[in-house]
Amino acid sequence: MKIITFGEIMLRLATHGFYRFTQATDYEATFGGCAANVAVSLANFNEDVSFVTKLPTHDIGQCAVNDLRKYGVDTTMIVRGGNRVGIYYLEKGASQRPSKVIYDRAGSSISEASPTDFDWKEIFLDADWFHFTGITPALNPQVAQITLEACKEAKKQGLQISCDLNFRKKLWTSEQANKTMSEIIPYVDVCIANEEDAEKVFNIHASKTNVLTGELNREGYIEVAKEISERFHCHTVAITLRKSISASDNKWSAMLYQGGQAYFSKEYAIHIVDRVGGGDSFGAGLIYGLRHFEKPQEIIEFAVAASCLKHSIEGDYNRVTVDEVLTLANGDGSGRVQR
Amino acid sequence: MKIITFGEIMLRLATHGFYRFTQATDYEATFGGCAANVAVSLANFNEDVSFVTKLPTHDIGQCAVNDLRKYGVDTTMIVRGGNRVGIYYLEKGASQRPSKVIYDRAGSSISEASPTDFDWKEIFLDADWFHFTGITPALNPQVAQITLEACKEAKKQGLQISCDLNFRKKLWTSEQANKTMSEIIPYVDVCIANEEDAEKVFNIHASKTNVLTGELNREGYIEVAKEISERFHCHTVAITLRKSISASDNKWSAMLYQGGQAYFSKEYAIHIVDRVGGGDSFGAGLIYGLRHFEKPQEIIEFAVAASCLKHSIEGDYNRVTVDEVLTLANGDGSGRVQR
Amino acid sequence: MKIITFGEIMLRLATHGFYRFTQATDYEATFGGCAANVAVSLANFNEDVSFVTKLPTHDIGQCAVNDLRKYGVDTTMIVRGGNRVGIYYLEKGASQRPSKVIYDRAGSSISEASPTDFDWKEIFLDADWFHFTGITPALNPQVAQITLEACKEAKKQGLQISCDLNFRKKLWTSEQANKTMSEIIPYVDVCIANEEDAEKVFNIHASKTNVLTGELNREGYIEVAKEISERFHCHTVAITLRKSISASDNKWSAMLYQGGQAYFSKEYAIHIVDRVGGGDSFGAGLIYGLRHFEKPQEIIEFAVAASCLKHSIEGDYNRVTVDEVLTLANGDGSGRVQR
Amino acid sequence: MKIITFGEIMLRLATHGFYRFTQATDYEATFGGCAANVAVSLANFNEDVSFVTKLPTHDIGQCAVNDLRKYGVDTTMIVRGGNRVGIYYLEKGASQRPSKVIYDRAGSSISEASPTDFDWKEIFLDADWFHFTGITPALNPQVAQITLEACKEAKKQGLQISCDLNFRKKLWTSEQANKTMSEIIPYVDVCIANEEDAEKVFNIHASKTNVLTGELNREGYIEVAKEISERFHCHTVAITLRKSISASDNKWSAMLYQGGQAYFSKEYAIHIVDRVGGGDSFGAGLIYGLRHFEKPQEIIEFAVAASCLKHSIEGDYNRVTVDEVLTLANGDGSGRVQR
Amino acid sequence: MKIITFGEIMLRLATHGFYRFTQATDYEATFGGCAANVAVSLANFNEDVSFVTKLPTHDIGQCAVNDLRKYGVDTTMIVRGGNRVGIYYLEKGASQRPSKVIYDRAGSSISEASPTDFDWKEIFLDADWFHFTGITPALNPQVAQITLEACKEAKKQGLQISCDLNFRKKLWTSEQANKTMSEIIPYVDVCIANEEDAEKVFNIHASKTNVLTGELNREGYIEVAKEISERFHCHTVAITLRKSISASDNKWSAMLYQGGQAYFSKEYAIHIVDRVGGGDSFGAGLIYGLRHFEKPQEIIEFAVAASCLKHSIEGDYNRVTVDEVLTLANGDGSGRVQR
Amino acid sequence: MKIITFGEIMLRLATHGFYRFTQATDYEATFGGCAANVAVSLANFNEDVSFVTKLPTHDIGQCAVNDLRKYGVDTTMIVRGGNRVGIYYLEKGASQRPSKVIYDRAGSSISEASPTDFDWKEIFLDADWFHFTGITPALNPQVAQITLEACKEAKKQGLQISCDLNFRKKLWTSEQANKTMSEIIPYVDVCIANEEDAEKVFNIHASKTNVLTGELNREGYIEVAKEISERFHCHTVAITLRKSISASDNKWSAMLYQGGQAYFSKEYAIHIVDRVGGGDSFGAGLIYGLRHFEKPQEIIEFAVAASCLKHSIEGDYNRVTVDEVLTLANGDGSGRVQR
């Protein structure tokens, strides 16, 4: 049975190495975007996954399709039309200097998609899982509408629905997010959030936590998960816990909340290669875990190990196999050469 | 006295070497655009030149400013604001395979500029020349309005006005171009056109000419220039003559029409490095020639030699000095090593 | 209905630009190989095509699979196993210096494949065309056996069978080739050869032709095609005609022989970007032409225009669309910028 | 009012990544040099800054000018002439392997400049600050003479004068430095030194400090600053404090001494991208701080935060804005992605 | 007097930066292999060293020869012939993601060498040291035979013989290794092993040690060295001690066992640039130390400092001078810029 | 018996592709220089060749040594000392735009060498050929003195002496060249010149020739060779004949004058990859020809074919084998792929 992910794929134009924008004479051109990242990661786990979006017919649109096909993602449900592929510019940070992202996504084909572009009934044939993130409805009220319709149809056909809140302040205000997501999340079975999302979207606070200083409070996160779970009837809530020591070093763990119980993962001290897409790789790991493992602890360890590895990989996509994730989740983080 | 050029500067994302778009993993990131190209070329001729446009305040906008400053173009008249820098994607052709350009310029800061952004009275202080191309009014009716106002003010302040017709079918129809340019060209003193522009914009045909086969007819071009000159009272008309043998080899010459006389330049057989910006380098050469030389033949030879050299240079900008142009115009095209 | 191609895909390690091997500190790593090249080219023409080979399970094998998927080639029939991906090293020539290829393909998974690896009955389901080249049976007597079995099954299921003779003296002698191909070609409907193959494989000479000096004789080639056609009952024979002026400049045309008639294409003067894969792009163009056009002249013009364009593209694969080929075949080789 | 910096700009030829010299087949070509670095950093803070040096008229000299103009530094006071641009070769260290610099600056245009090249009266028009470093007078006795004259004229016109001692043992001995600097520093208002300079130039020791082991002694540095301040009547003395753990990791802080009081900054643990130019970025931060902030603590925190960020940036120049420095100085060093 | 090293040199195809194999479009092409690495490292220490192997006559073989000659290794004893240069593909790890090596060395010229290829009597003229590693006999039983013969001849001529056990499970089983090495090691004077080799080859365990968790036990290693020393009459045994914290950070030290005494080196905390070849650089350092220093502690400190520096250098070879090693061994690991 | 070449080796800093200097952010770093180029070319022909120069002890000097060793040139006669490696900056031309070279060689170790640095008696042991070019004595009067001494010693020991006049107007005037070379050439057996050298150095004109227009006159060149041969008693004079059509296309041939007879080679139409070093590759080819072939026509065909191939190769050095040269000299310039 297939997994369907829906959302944006953008051209990612990143400066090389640690060059600032003003130093760049070349951009590394790859593709990324929340739902695309999840799709590719799942394809690398050998899941049967189809990515749904809208892309222009010109060569840049075709490049996005080719990039997804390369990793084995099904692209036959992608609608072709519209004018542009959204872009994001990336400058990687180091030490005390943060990474910087400039979005140029207005007017992209998916932002200007209309509800008639997608035939959800057909898209969900042979599918048992539907995933999207909060960025998708944030793109445009019309796209929010499409997302809501997709959820309704998915629910009707009995798919599991997962959503990563992924609040982006450049796309909408907390008020707008709250209004829209409050309609959508009731259809969602599995809700993913990071340390800020719940607060920004639903005004749910983790007590005694300061994101800037890296202080995170276990109890607070349990409350947040409980609140989301109860308010929207999500059977599973997962929260990623990032302690940002610097742009080069982070600590990374997560919590799974299921059946009224919280399960905390190991914490990894990560020396960062590329942090973008870290959240999406967690989402993909979680979906895989929920589909293949029984025990909550196993599920959350898989998701966190998967996303831990993502931080060591260039580009948005998580290019790791299930075996690689399991090796880490099972305790070998020594990084010894594999010959 | 300063030269003012007005128009667009775009981020040019070109694949490396002869890679097709679907092969690219990097884009060479430079800047270009008709009026920017003319400004940089004139700055390389040591002219005092100021480029007027609108650019966002973010880093990508700043990169465009920096790139112009690098070549000594005055950027203090650039308005900062709006959301994006227009983009064009370029794949260089070779042999029978043509170069391919994909524009992504909608929504750029300059396309969405408003008349109140520019104070032409102040911009034209200390200036004696104003240049723009047909692409600028084509961007948006509001920008066409701004261009017309600029022409009026320039005329009032006694500047020479030059315009390269530069018809682009992706930006407007012949009908739209005709309507708008018919209002603007009467203010223009120096009109530049290539082998297609006069036909597409003003429905003026060069008889017995076939652009695809590379047949060009001298008499026909004299008629075209005469017609433009008389219809719009331009004291100077220049027409570039490109014979496209393949994407790798072109023949290149031009004609100057002044005082009822036509002056044809030498023709160069060019082995092409980068053909984009060829027309703009001709415009810059022509402006320089008109400002510094007396004899029409000298003027047109300078303009053609300048643009001939551009075809051997990567990127939109013509990076050559007056001395280099004169060496070629005076007959040394042997390409022997300069030690 | 699907097209099946069968053969080798190798890692192509090419020095950058015009570097000789002793100058290389990096290799451009792409993939190529006769049957893979035909498959990708057909996929770029939007044909439904499946490539059959054997590749190791390790990451380098996976990279080959990913590269094919990227262009939309079906890879689900590829057998996984064995130890290595064959390699060829390439140094591009220029002017009087020829390109140089060093093969390192012994021991590759496909070379050591066994007949039980492939279930041709299943592979040919929903297929109506089978293509391979003379390199495939030359890899190894066992692979020759597999090829023969595939031909028999294809014939049984009523597929059209095409074969490019593609003689390689480093793989086998003329005697070995003759013996093996004489068994296989009787199953073939469409036989493709270049100016040397017929002589080296079947001892059929084109009279008055000297490959080194570039003299080619039309009458001689008609005789060759007639002889092949009659000896093996191929309904179609196509011969490519290359005049090698230098490593930088070639002339290129071809002849189609059908129903006792010879049809010669236009001849193109090509400024070469990358000549490797030129023959395979002709094969793909021919297959496309035979499937979609009626008139022999149209078919051969399509095949030659397709392969002409290949010479302007880096890498083994021909990355052009049907529209691009038709534009050239219909007469526009001017290489003017497509905006 | 303008800031004038005077000194050297060199071509910096750095191996890529962590390549040793013997591995390099390419050099990254940028520009740098003490006074140029300070000028660019100040331009990035939006200060009006003019850099004074001498550069040859050939293209490499022009490249240096262009590089400065790119960042908005005024280059109109640069004298053109002489034969060469000085060069330094750089190999970046990592872990226990130190970075290595090879200077090739003898015979550069600035080293061979003569006093008549510079008209300081005119240069200082509209300026209120003059900055140079100890490297400038060390280049050549004649350049030392020019520096002294510049100081006298600056003092006459009432500019603030700042100098970074910047002792370089390859350029002169401690004795020579002492003799020359003892004449110059009395004109200086703001004196900058690192942990070794005071000792090498003025034989002033920081007690109980061992540069190699990274032990630094607060009291010792206060004594040093007091001594400099009193001996030469500098109203401000700043000392940078580097603890070199390895080529990859440093700790970095500084002390400001003003009005008999010492102000120590926060200390940053830095994961190094490029350490060259770290001292110059401190100088620029200090000048900015002294011009814009009242409180000594604010000034030193700004200077240290600015130079902390420099260590995360490739190349000599500090490419950060005032906002970015303030964000760090105000406590956010978490390196979280800025979207 | 010369040092002879015998073994393999392979083409090392490494992805750039931290790219995974599936992301690579280029491979960095260098050469490496246990005995070649030791030879180059010794040549960089200014030792007179000759590397013995077999390489094909084609250009890729020549590239390997050129690469060795570049560093001053004598290549005149290299036998030319056979078909291929062995290859290894490398993907560098980071943080929790391990480096990955894929070997493609079957069928290489050295693997298929025959005893008659090498005239050891002549090779050992003017030589006083012979070095090889356990990888060499593991390549092929015939090569094991050649190695044994070389040892016998070396012993006869009175050379010192050193061997690094270097067990590789992909090349042979513990049983095979045990059988072969038990014949060879009795000829060896200096035996080098890492934390796993002794166990895998000779079933000698270091008690209370867990390689994965990084726990190493001093006493255990002394027992191992003692056992090797006594069983095979090696006068010197050296054991490297790696604590793998992650793919980015390792701790590194070693122990020398001589005359019944164990000497432990300092331990270095290394931030890794390239870990491959680390063991070989230790071997080269040890050989140099044994030839030039008296005291065991000096010898082991030199060997460990040399290999510590290797971890900061790209590529297999250790490109450091004796002076650089001594600076570190003598205590300066601060990584301060060397100007 | 060995060949000795004496002269300069410089760091060649070339922009990538067709970038102008002002576009470069990287330089391709290789080495070249007249006598070094001849040495490497001869080493590639498997001659035993030793290059004599002076180079600094620092890493950049070492890189030059390594680069020569890589190709098998003996470097043991190179004197180490002095301060710098000379540099030349190169920007490759195309079409009508000439290549541009900026020299920065003043103060290089070889320019400042003293006669006591070289012990010619020892250098010439086991040698039978001595080669240098006119650039060597032009570096500095002291180096001219060294060259003269070398010639005297070479003559005494009975070596053949060859010299390429290689006039460089940036190094000395015609008058200076005339004076110095008139003393040196009498020792020379084989004199090489291009179309300008004889005129610039010895005021010997080829009648009816215009270098700029590419007109070359056979009779004129015979006169020139005769004059040189008779005036200085050179038994062999060779003159290269370049017709520069553009920076991309040249025609290339040469003439050998021996025993009062002139032998003209074939003329090659060359599509240029890198023209620098073309003359040196001719010199090397000539030396090889004179040592290995009997017939003058064979000799000159070898030399011209060798240098023809050089134009297709990046960098100063000619990286071709004797077999490759012979294939071309014997008539195969078709550039067909060598598989």
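Letters A, B, C, D, E and F mark the chains as written, and numbering starts fresh at 1 in each.
The working rule: contacts are C-beta pairs under 8 Å (C-beta built on N, C-alpha and C of every residue); 3 or more make two chains touch, one makes a residue touch a chain.
No experiment lies behind these values; they were computed from the predicted model shown.
A.B. asks: Which chains lie in contact with each of chain A and chain D?
C.D. replies: B, E
A.B. asks: Would you mind working out whether chain C and chain F touch using mostly the same residue numbers, over half shared, or mostly different ones?
C.D. replies: Shared-number fraction below one half, so different.
A.B. asks: Quick one: chain D and chain F, Cα centre-to-centre, how many Å?
C.D. replies: The computed centroid separation for chain D versus chain F comes out at 45 Å.
A.B. asks: Mind checking the centre-to-centre distance between chain B and chain E? Centres are C-alpha means, answer in whole Å.
C.D. replies: Between these chains, centre-to-centre, one finds 62 Å.
A.B. asks: Which parts of chain B, given as residue numbers and ranges, touch two or more other chains?
C.D. replies: Residues 17, 20, 22, 25, 66, 71, 100 of chain B each touch two or more of the other chains.
A.B. asks: Which two-chain combinations touch?
C.D. replies: All touching pairs, sorted by chain label, are A-B, A-C, A-D, A-E, B-C, B-D, B-F, C-E, C-F, D-E, D-F, E-F.
A.B. asks: Mind pulling up the chain F residues that touch chain C in the complex?
C.D. replies: 17, 71, 268, 270-274, 305, 308-309, 311-315, 319-320, 324, 328, 331-339
A.B. asks: Under the touch definition given earlier, write down the residues of chain C that touch chain E in their complex.
C.D. replies: 13, 20-22, 24-30, 58-60, 62-63, 66, 83-84, 87, 89, 91, 100, 102, 104, 106-107
A.B. asks: For the complex, which residues does chain B have touching chain D?
C.D. replies: My answer: residues 66-67, 69-72.
A.B. asks: Sort out for me which residues of chain D touch chain E in the complex.
C.D. replies: Interface residues on the chain D side: 17-20, 22-23, 93-101, 103, 168-170, 211-214, 244-249, 275-276.
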